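Below is one structure; the comments refer to it alone.
As written, the chains take the letters A, B and C, and residue 1 is the first residue of each chain.
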């Protein structure tokens, strides 16, 4: 059941002028579930406000609108009754729908000669399994090739393998992407995160110079200036009371080291962080061990599924096992739980309404302009760079 | 607090044209509670969106609007303070209302000479105890005689005795009555119900010819054609994988046996199932053991009380004991719990909205037309048959 | 997030004509929390529909609007990061606000030279700790002196000491104050309260003659007539079945004894009960042991914080200890729990809507007229008595 955008909602103010919809940009692939969550038994899900039923049969994956047009019952309570037919049956009167096309192939209780067969159908969604996730295209446009459309570290599973997980946040997806847009929250929110304990101090008050990525897929920023500590009149020093900062490098690495980092040289990550359409962030680690992708998946206007996709280079079976153990013992906990939950608390405590943006919000402002002007739409399918200045 | 009908609700579309209200037809008797649930202590209930307080005193039963007109407190929190006076006292300032008329007979805190006494009142509802149930008439019209207005198997307790029970469903009452209107769901939904395990296979894709019952009380269908199994192109046979069907007769009984059945000969049930106004179904069993009535009682727009009333012929004390034990050990569990709950899951999973009805929905279509055209209303009290073709 | 008053709500009918707002009168001091509930760690609260964060630093108490103007996060999730600066820092990007003025004193992540510093701010509320409670002034007018504005028994802590407690009720504040306005509910609702077991019988059907208190602070009533028992035609005697009434004096004390009572002579309480603006009741005990204040604090349109403030004369350390033990063992339980909860049940069971007031509602009617005509407002700050006849 799609929720409409309340035009008068004060929380819409910062987004309406840029045309960033509350339910997300439709014509993109989104990760929706982990691959292991969908089997023969139909699975109900929601994406961009649409109720969807997913199921597998005959080695294929299907996604249909989750409401039978006959009398309105949810198909997800039904079953894949005819093995290898790629169909799902409504639990109420046995209307059987083809998973690929959504067409009604039989109305069991109406008999084999039912005149309604093939006359009606439900919407069918392009759906793919890839890299351990179920991907879905909720829009009306013809879908692009999934592997080409998503970042290569997750798209090219010959060279990389991915470890995905997700958590549902009680917030609108835009709050979460804003959070990723170089808005200087990391230096403050995550300063005592275990993951950053032995990493360089993150500098703040940076000067950001925006760049549009090739193919207009997203944006990045050239960083300059900034400081890792400062004296504030009437208050004192920031940061304060942080004895553990003796364990950290001074921040040099952060400011100038990226071009020499493994992330850049080995993984081909061009920037320390990039924000891509429709709403994801690609984070390059200085250490270059892996590329992290965080994806804000709009479930409905008040719920966002935050996917953390950790992508590792394929370097043989032993190295993969090591990477998986390391993820399981340290990275999954330190980043995908602790670090991400620090963001979760804040975006869930955000009361939508008027904003007062500042110098350090250049990233957020630029992202919103870029996204509104460049998101794929039926009337704007091409991906030539657009001026967002 | 009566809920208004949201005119713009897409779930209203299939009903608005026929004039079937979300809160039910008002001028009928409805079973509301089990008799044992109401005693001297006031009991709060809701029916057709109205909040009602019920209580007994001096061997009589009373039902009043559950809000004191003085300052608005619920009378159901009060008490029957003066035994044998047939009154209820508001817990806040002791306004005492006559259970029969609803008139204010005293305002205790205002003294015996209070000028407001007998000047105000609350609405009083016609209410009866019958067959182990509390029956209430929520409408504005003068009530009919209860025994004449309800089906004789529950109305005539000299010849029959009733075992009632109820369950509350989270759905609108109309979805539940549609479910009973020969809509061919039973053959599909209940095919593996324990109650039907040794009964004839129910045929589907029947041709239904509607009849209006005498006195315009409801409708029934002459059934013909149909099949108990069929091959569906591209899918296979329906039903499939049902080894237990070897235990069942082939369905002959269902199709032509009703005229010879005990249900018809002994209980006088004219048809295998009839749907009556204001929203109930009378089911005749081929075995003729008893007549089952299921009644969809509108509580509010989103809640329906489903009464299952099992009615048995009075054949002496020993036979009654046997029938009660049989109900307690088998029928109550197999039908009123398992079988009915299969319906509950579906009507609660129904997302109201546009429908696409088919050939096998003749029963639903005819019921809606009949009910809208024939329900008792102040401007249409007589019960001459109306053309609904 | 302030809630708007729904103009069409039938529950508004009895109040709209008098101009008594659903969210309370703004320009008054209100008790909001117990003093011990606020420390250095920011504390979220709500008052008159406003979300507010409270904190202490450098021995001072501060109250600010609980939403950072930058990106909307609740300041109550932040911290008082710079000890002795009297500031609170937003948890998201380190915007630091002065507790006293609400001005932005630093935007940490934007650096010490941030151009936005001192350009923005949040609303700051006048706040005081007094008599073990946190007091807040939610209005736009300049606050009065707290000690002069509240009843002297709580205002003058040199002569009195206070024991406060509170309970949150699920009702609008107006229902609770109406409950206190000499509406004759006490004689009925509390007649079997343990606190009144050995006290005089409360007479009912009193004649009430209203008086406006000096300085127009509230109202009181001269009581006359009334009865402690009466015969009601067709019902019987009220009260009935109350064997424990043999333990009580007959009510003489109540009717004529107040001028000679300790409450009047020692505590200076002019009347047995007075209802003050913005919505509190001062109860004088005949025994004169203490003065009880009950305060209806509007949290939002559907929640009211009921403060019970018990005030005792300072008569030395030993007597204070005795009074506290007596409160702890008896009064706190018998009144602030049992007696008050009898009211709580009723005001929470009140269904707002049209009313039918009677002779004994003189107190409620007079209170509403008085309050609407006399409540402090920007266009009516002076406190000359207004005719409310």
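Please note the rule applied: a residue touches a chain if its C-beta (ideal position, glycine included) is under 8 Å from a C-beta of that chain, and two chains touch if they have at least 3 such contacts.
Keep in mind the model is a prediction, meaning the values are calculated, not measured.
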Same or different interface residues for subunit A and subunit B, judged by whether over half of the residue numbers are used by both?
different
Rotation angle for the CA superposition of subunit A on subunit C, to the nearest 5°?
120
Counting in whole Å, what is the centre-to-centre distance of subunit A and subunit B, each centre being its mean C-alpha position?
49
Mind pulling the residue numbers of subunit A that touch at least two other chains?
none
State the interface residues of subunit B toward subunit C in the complex, per the touch definition above.
1, 51, 67, 69-74, 77, 81-82, 85, 87, 91-94, 96, 105-112, 114-116, 120
Residue positions on subunit A within touch of subunit C in the complex are 178, 183-185, 187-189, 204-205, 227, 230-236, 238, 240, 345-346, 349-361
